[in-house]
Amino acid sequence: MSFTAPQVDYAGLSPVITLTAGICVVLLAGLVSERRQRLVVSLLSLVTLAAAAGLCIWQWGERKDLVAGALRLDELGLAAALIAILAAAIVVPLSWREQAAERPGEEPRHGEFQALLLSSVLGMVLLAQAQNLVSFFVAIELLSVPLYVLCGSALERRESLESGLKYLIVGSLGSATLLYGLAFIYGGSGSTDFPGIRDGIGAGLADDPLVLIGIGLAATGLAFKISIAPFHQWTPDVYQGAPTPVTAFMAVATKVAAFCVFVRFFEVALGPAVDNWQPALAVLAAVSIAVGNIGALGQDSLKRLLGYSGIAQAGYMLVGLVAASELGVNALVFYLAAYALMNLTAFAVIVVRERETEFGDDIRAVQGLGADRPELAWPLTISMLALAGLPATAGFMGKLYLIEAAVDADYTWLAVAIAIGTMISLAYYLRVVAAVWMRAAAEPLGPEPAAGMPAMAGGSPEANPPGDPPGATLSAPPGTRCLAILIPAAALAAATIFFGVIPSPLVDWASNAGQALAAFIP
Amino acid sequence: MDVTWYLVLSALLFSIGAGGVLIRRSPLVILLCLELMLNAGNLALVAFARDRGDQDGQIFALIVMVVAACEVVVGLGLIVAMFRRRLPLNVDEMRNLRG
Amino acid sequence: MSATTYAWLVLGLPLAGCLVNALGWRSLPGRAAGWIGTGAIALAFLNSIAALVALLDKPASGRELTSSLWTYASAAGLDIKLGILVDPLSVFMILVVTGVSMLIHLYSISYLESDRGYARYFSYLNFFVFSMLLLVLAGNFVLLIVGWAFVGFASYALISFWYRRNTATKAGMKAFVINVIGDVGLVLAAFFIFRELGTFEYLPMFQSAPQQFSTNEGVVVAICLLILVGAFAKSAQLPLHTWLPDAMEGPTPVSALIHAATMVTAGVYLIARMHPLFLQAPTAADISAFLGLATLIFAATVALAVTDLKRIIAYSTISQIGYMVVGVSIGAYAAGLFHLMSHAFFKALLFMAAGSVIAAMAGTQNIDRMSGFRRALPFTSTLLIVGALSLAAFPGTAGFFSKDEILAFAAERGGFYWILAIGGYVGAFLTAIYAFRIVFRVVYREPCPEARKLEQGHLAHAEPQNPMTGEKEDTDVGFPGPEHQIAERARPMAIAMAVLGLGAIFGGYLQVPGVDHVLDTFLAPTFEDSPLHSGIHVSTGTAWAGLAAGAALSLLGIATSYYLYVVAPQTTERLRERAHAVYAFLIHKWYFDEVYDTLVYRPLIAIGRFADAVLERVVVQGIVAGAVGAVRGVGVVVRGAQSGFVRAYALLVVGGFAALGLYFLIVSS
Amino acid sequence: MVQVAFFAGAIGAIAGAVGVVALRNPFYSVLALVVHLVALAGLFLLLYAQFVAAAQVVVYAGAVMVLYVFVAAYVGAVEEPIWEPIPGQRLLAPLLAAALFVELSIAILGTGLSALDSEGPTVPLGFGSPAAIGTLLLERFLVVFEAASMLLLVAAVGAVVLAGRRVPSAGARGEAPGQAIGPAAPSAPEPGGSGVADEHAAGGVP
Amino acid sequence: MIQVILWLPLAAGLLCFVVPRRAVAISAILGSGLVLGLAIALVASFHTAEAGLQHTVSESWIPDLGVRYQLGVDGISLFLILLTALLWAGVTVFSSFRMPDRRRIYFFMLGLGETATLGAFLAQDLLLFVLFFDLMLMPFWFLIGAFGGENRIAATTKMIVYTLVGSLLMLVAAIATAILASDQVGQLSFSIADLRAHTLSTGSQQWIFLFFAAAFLIKMPAVVVHGWLPDAYRAAPLPVLALLAGVLSKVGAYGFLRVALPLYPQATVQYQELILLIGVASILYGSVMAFTQTNVRLIAGYSSIAQLGFITIGIFSLRPDGADGSVLQMVNHGLVVAPIFLIIALLWERSGSEDLARLGGLAMRAPVLAALFLIVTLATLAMPGSANFIGEFYILIGVFQAKIVYALVAVVGVALAAFYAIRLFQRTMHGRLAENADSREIALRDAAVLAPLVACIIALALYPGLILSRGQAAVQDKVAAVVSNSKPVAPNAPSVRAESGWTSYAPLGASPTRGDR
């Protein structure tokens, strides 16, 4: 059997290669360097991410198949990759004093932590570009497996382990379902390549039960990844339990990559069956909007609140997919970018407050922030208002875009659902803003934290040797040490406003992504 | 044997696996049930590959094995970590996060 | 200068006085505010005379002049100008208004001397005169409504002038609200007029009315009835009269000016002004006339029973306006206006005299407590008697001629209008009785302690108190003034009363049947389009017959009164006991207030409470609560499902897929 | 012959699967899974997937299952309680599993793909052989192959992160108090041990 | 120029973060004062006779979505802009004497609110309008929530959620309008002028109109959907409330004129009676509630409901006179209701209460305050002679000629207004001095805010034609859009007219029999 080496386009693959190399280097650096590990490793990670991002931008505008059609290089994938890289880059500083990375009594694990983070990014980049069922599946696993680990990596906290295991179990269930669906689609269409599947289904199989059940299974698996109701239930629990930087990353990047492949898979490969899956997804979107928004009401844990909010936001974004039009894809990509900006900002603030107060991610942690820490209060406010979709923020523009796509696709009722969902969502987003600006700072819990209180209140292990009461570090001077978080948070918030007022650059960017699929979408 | 037989068998295995996930409480056994589901997928893939005379499905199945192994490793790692923390190895008792 | 220029000046001077007093309230010394106010009105009066002279210079056919300052509002087909109409009717009215007002201002200079709200008082009073003049001079319906509302407001402001008195503020509110009801009537009338005639200007309106409307057409009757709502509200005619007796809470000169002499006669003016419309709607005119008749008898009966001096006069006013309404409604325009004038004289006089008496009583208004001021207040007593004589239509007084002219016209018109004449005479009889009830109670009999003291030169003094409730006044703000002024001691009061007394006696000679008809002639250009005015002439014989009957009834009434209150004062007691029901009926003013309270006020409040308790809480907030509850309910389900059991989550995933798969299977078939 | 082999394999697979789900002791469940996997490998052979079958036996039943056995032995055989805390789960779970099976079967049986009702096309020699698979992996599925290797690396790192413990080198924080008192033998955790000590518990990589 | 007017307040608000603490108020006052000056200049340079837009700005903004940055002024928005600038300047000055704790953010939010409100009045692109309409809520939510009274957070959240119910539906409706219109034109555009050229089919107009109507009615608020009002009014700081009632409520009514009438003419005609019914219900309900309340804020609040009911029915008389009156009345109501709330603030400072039962007698040593209050009260109850009267007069005459029944019922509201307004004045200023109350004359600085407002009321009373004459061309244009569009396009237009016949009289001269006489 003769072996012919496949044509490898190294330029097109360069982001992937960079990330892979970066992972190895970071891992090694983590092993080698002991002192100043945090600095070295973070620097390497950031360089890797920056290089990958730069290469993505360099490749912007290219549209071609890579390595025998396993991957597709186009703006949609690159856009998702860029967002994922951005999220990772923000999360790196967020993780600096995370217990998952710095365990008391042990050597720091920044190397492993960030290597896992980077491998998840690698998975996302691959996923966003995947154009083959096999690469699709392996990429989604490459994305998920590091996240399972990261979620459970704060071993001291029972919640972290719980969230890791829950994520693993439900996630594997989702993977298995997805796999089974992919198998059926492969069986039905006889191909593993997306264009091949498109041709196979296009040849009169759009109504075949085998293919359709496959679609249903695949949709279930993907919906699980982007936390669409009723496959959403892991989301709040895992978001709350996981270390906050991981949550931030998971909330943003996973969704981006999964949505990207969702779009590519459903609109390219399953395009011919659009009339069949469209209504089902529309209903899922509506259910998600309702469940997410209603579930978020009255949540005291900010991470949990954002988890539910993420479910609702996923519902909104699914509308862009349901529209099954270029406009819809544009809207979706735009919203993904906006969503990344808004959520990362919020999580950055939560991380800072987690370190500063003993309330963890409870809403009390941000009470009175407006008076005490305006530099934190403003980003959080902007992000909440943007998530709520108030005008002059990127969130509003995103919703506008989505509603336009929905109406254009004759899914006006879905547009109304978005509107109603937004209304409900105001109640909890504004509750956070109200806590920030309109309430006085919460009273500290007292010198001894209540028994059973998760030990996540303290600062870094250096400042907080075991045995000291956690309260001792509460008064650690805020500011300088959080600068690495504050500056990105401020920048993200500014971007949120900027793209709310002058959305055109982002709109153009998103519409490039939409045009990449133009050939496949009506 | 018709390929359909294999497929129905795979569906049955898949359902058994899914049912196992739903009723078993030991995380270890749940992982086993997930293996069952993945293997059911593998059977379907290989059967379809046979049906199509196309080896992509077999490649897919191989990759799935890798994936399954990875999930198992991570899952077992979590189980060990929980065991060390003396957390009960019963998913029903992991209920700190809810609401 | 033309008549219109004078008219503008007539309008402008009181306004200027009002503004000067309002803005300079802090810096005006002593009585300056009073003199400024009075001076402004005096100048206005002079200008009115000048306007009269200027108008008389013109030929009879050219005595309707219009003038406008600027376009008030003009858009979308409506064109409302700030314009006035100067014609004999309006000139007559401005003469009466400015003349009487001038005297009452003069009276007030002294009467309110010690009041802390002195400048405010004159500011209000000038504003009232301005409003009243605006009302009568207005050249279109909208401006009329503006003037109409302004006088209503001025009336409100002056009734609740002593705003520390709860009774006063309540009375003010009542007056205001009823007046606004009247305004609403006029506004609606204006809408109909605009829709039918396309204009608000008087002259085009009156010219096109006969062409546009057929007699008794529904629309025109509706217009006239709506106008009557306005007129009756302002003129305190049945059934909108209840505010006037309460309005006596205001200072006495205010009662004299607004609630006797001028404002309340605005309704009469309005009916006269709108006569071209009423001519097209005889039904409405008849309704008006009979309501007037009902009012005049009703009010006269109540005046027999009430004991508050000012309220007796107030009911008398209601009753007398009834005569005027009857007059202008049946076509006796000149007669009605004639009575308006003479009534202004004698009623203002009566109030002034009453004010003097009340001052002597240190604020007490109950006539049961007064007696024998004959010697203590000789001047006041004399003029009180003069006023009462004129009110009772004693032969030769102004009231004698003017009242009988109306009744004679009614008799002449014949048909069922005879009823009006007979009713009017019955009323005249009652009028004579209650008029002299005042006289005999206040002037004759043994002097009361206050009178006796006064004879010795000591003016009674008491802490100011609310005459209605007996509540002590909040003297912190000083009003009503702690010192009292009586005509005997205050020259301005005396002069004003004297002039009015002359008018009350001799005013009647303007118009004596068979002798002269000055008013008739003067007003003719305004009313010449009315067939009633030109068609019905009361013959001198009929007129004198009527006068004779009136004189007889008047004398009989005075005699009866003399018997009841002087000869056998205990008769009234006995009557009161024997006919208790009748007495109660009268003393409760025929239960009008109670009926309104039950029929209008309480239901409204109840509706409000109901709205607050049921609609607001249940429906409006219910919508909110319902939505929130629904969301919460779903929230309970959603969060309940989030049980923390990972297997339950898996179950939902599988279940979700099962549902999805079912859908896809269904689609596939 | 083929039928017999199929049914034998199928029965083995089903029995293994049922065993996994039904056996109360996790250790037995693991063994049942091994049976299942071997049976499946047989079925793969019937489907001309030699390499896959081999991998199944060697990698899966061999390596992965050993891991399972180790862990099962490590954590001990804890029997699950019978009491079902989630209302409805006991009823719904089998019901939904059955529904799943029915739906999938309908899809499989109802499909319009006529090829499924045959044994499949005649395949060329070498179909599913290591050579063929290897060629494919390095040609069409090169990226997948590389990604899978990354995945394995990640899993290894993850396992270390979760289950491993690295002692800091001397000087860094060597004298951290928790480390010294941590129990050395985690395989026999003392019941009721304090949580604080537990956090620093040492243990080897399974 | 309108660009500057629009963005200056926001810039001044941002400046508040930069300048030293002491200069915060000054910068805010300067900003709002400048805007006021520019607004006056805008009025001065307005060409009265033109129906179209003036001072237009049209820039590409989000071309992919068909959204343009289009601004313009016409006779309808002209005086609303002036009103906004005036009230904002007044409130800024008024607030600067009562400096709140966090002044920077307070004045920033005020500035943001002004920009948003002006934006809503200036926007000529449907989406831009919606954007500003929604944006307006944010600063007010904030101002109430951060600076308000008891129970403020719940109240303000209720307000914003409730109001956004309508606004978001409106967003959907606006987008639907553009998308459906683009099916006809082939090009997506949100420009109101473009959309007007291609009206939608009757069916789509109906639901879109209802969505818009919901937004506008909630914003005003009209009865049944005013549930947010009592709580929000109770909790809001009074200067903010002055703006809320004075300006924000007008945006709803303005929206009807700007958007609903021109874009959805057939639906407007179809739902005319429905909206009239709501308007009349608002009038009656608002009035009745106003005279049963004892909280002075709520009296003013419910009276606003009633007044906005008048404005609504004026617009939906679908006649130029009624709509003209509404435009005038919008300004009038803003001018009177804002001083009322400022006066309530003064009353509160004097007596520490906002309950009628615990107020009274405050006129004693405060004649100037009493006089100002009296003038405002009289204007509120639309005393003939005030501009409010002319406004109501026009409104009612319009309704009267369109649907007489509604006018007759609405007139009841006029009488009720007299009752509650006078009651408010009397119970606070007259009567015995309440316990703990301190009758104090108005301070010069407060007078400096109130007196100009009252002067505006008086000036308008003398010459309401100022507004009427400038508004009428634009209003005529909007109403004509309904009248001309509703007839030929709507297949069922004749039947609509026939159905409504029982309430409407034929206009003068329409019936041939009249000429015969």
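Order of writing sets the labels: A, B, C, D and E. Residues in every chain begin at 1.
The definition used in the following text is that a contact is a pair of C-beta atoms (placed from the backbone, for glycine too) under 8 Å apart; a residue touches a chain by one contact, two chains touch by 3 or more.
Since this is a predicted model, take the numbers as computed values, not measurements.
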* **Partner chains that subunit B and subunit D have in common** => A, C
* Per-chain CA centroid nearest to the all-protein CA mean -> E
* To do: With contacts defined as at the top, give the pair, B-C or A-B, that has more of them.
  => A-B
* Distance between chain centroids, defined by C-alpha means - subunit D, subunit E (Å) -> 68
* Structure fact -> When centres are defined as mean Cα positions, the distance from subunit A to subunit D in whole Å is 28
* If you average the CA atoms of subunit C and of subunit E, how many Å lie between those two points? -> 37
* Averaged-CA centre spacing for the pair subunit E and subunit B, given as whole angstrom -> 64
* Asked: subunit B: which residues touch two or more other chains?
  -> 7, 14, 17-18, 21-23, 25, 31, 47, 51-52, 56, 59, 63, 66-67, 70-71, 74, 77-79, 81, 84-85, 91-92, 94, 96-99
* Where in subunit C do residues touch two or more other chains at once? -> 639, 642-648, 650-651, 654-655, 657, 661, 665, 668-669
* Structure fact -> Each of the following residues of subunit D touches two or more other chains, namely 85-86, 89, 92-93, 96-97, 100, 103-104, 106-108, 110, 116, 132, 140-141, 144, 148, 151, 154-155, 158, 161-162, 199
* Pairs of chains in contact (touch as defined earlier), listed by label -> A-B, A-C, A-D, A-E, B-C, B-D, C-D, C-E
* Structure fact -> Contacts from subunit A onto subunit C in the complex sit at residues 165-166, 169-170, 173-174, 177, 207-209, 212-213, 215-217, 219-220, 224, 230-231, 233-234, 236-237, 276-277, 280, 284, 290-291, 294-295, 297-298, 424
* To do: Note which residues of subunit A are touching subunit D in the complex, please.
  => 1, 3-6, 8, 16, 20, 23, 27, 34-35, 66-71, 104-107, 109, 112-113, 115-116, 119, 122-123, 126, 132, 134-135, 138-139, 141-142, 145-146, 148-149, 152-153, 155-156, 164, 184, 187-188, 204-205, 208-214, 466-467
* Asked: For the complex, which residues does subunit A have touching subunit B?
  -> 133-134, 137-138, 141, 145, 148-149, 152, 155, 158-159, 161-166, 168-169, 172-173, 175-177, 179-180, 182-184, 186-187, 190-192, 236-238, 240-241, 299, 304
* Asked: Within the complex, which stretch of subunit C touches subunit D?
  -> 643, 645, 647-648, 651, 654-655, 657-658, 661-662, 665, 668-669
* What part of subunit E is in contact with subunit C in the complex they form? -> 158, 162, 223-228, 230, 285, 288-289, 291-293, 319-321, 323-324, 361, 363-364, 367, 371, 378, 381, 383-385, 389-390, 393-394, 396-398, 400-401, 407-408, 411-412, 414-415, 418-419, 422-423, 426, 429-433, 463-465, 468-469, 471-472, 475-476, 505, 507-508, 514, 517
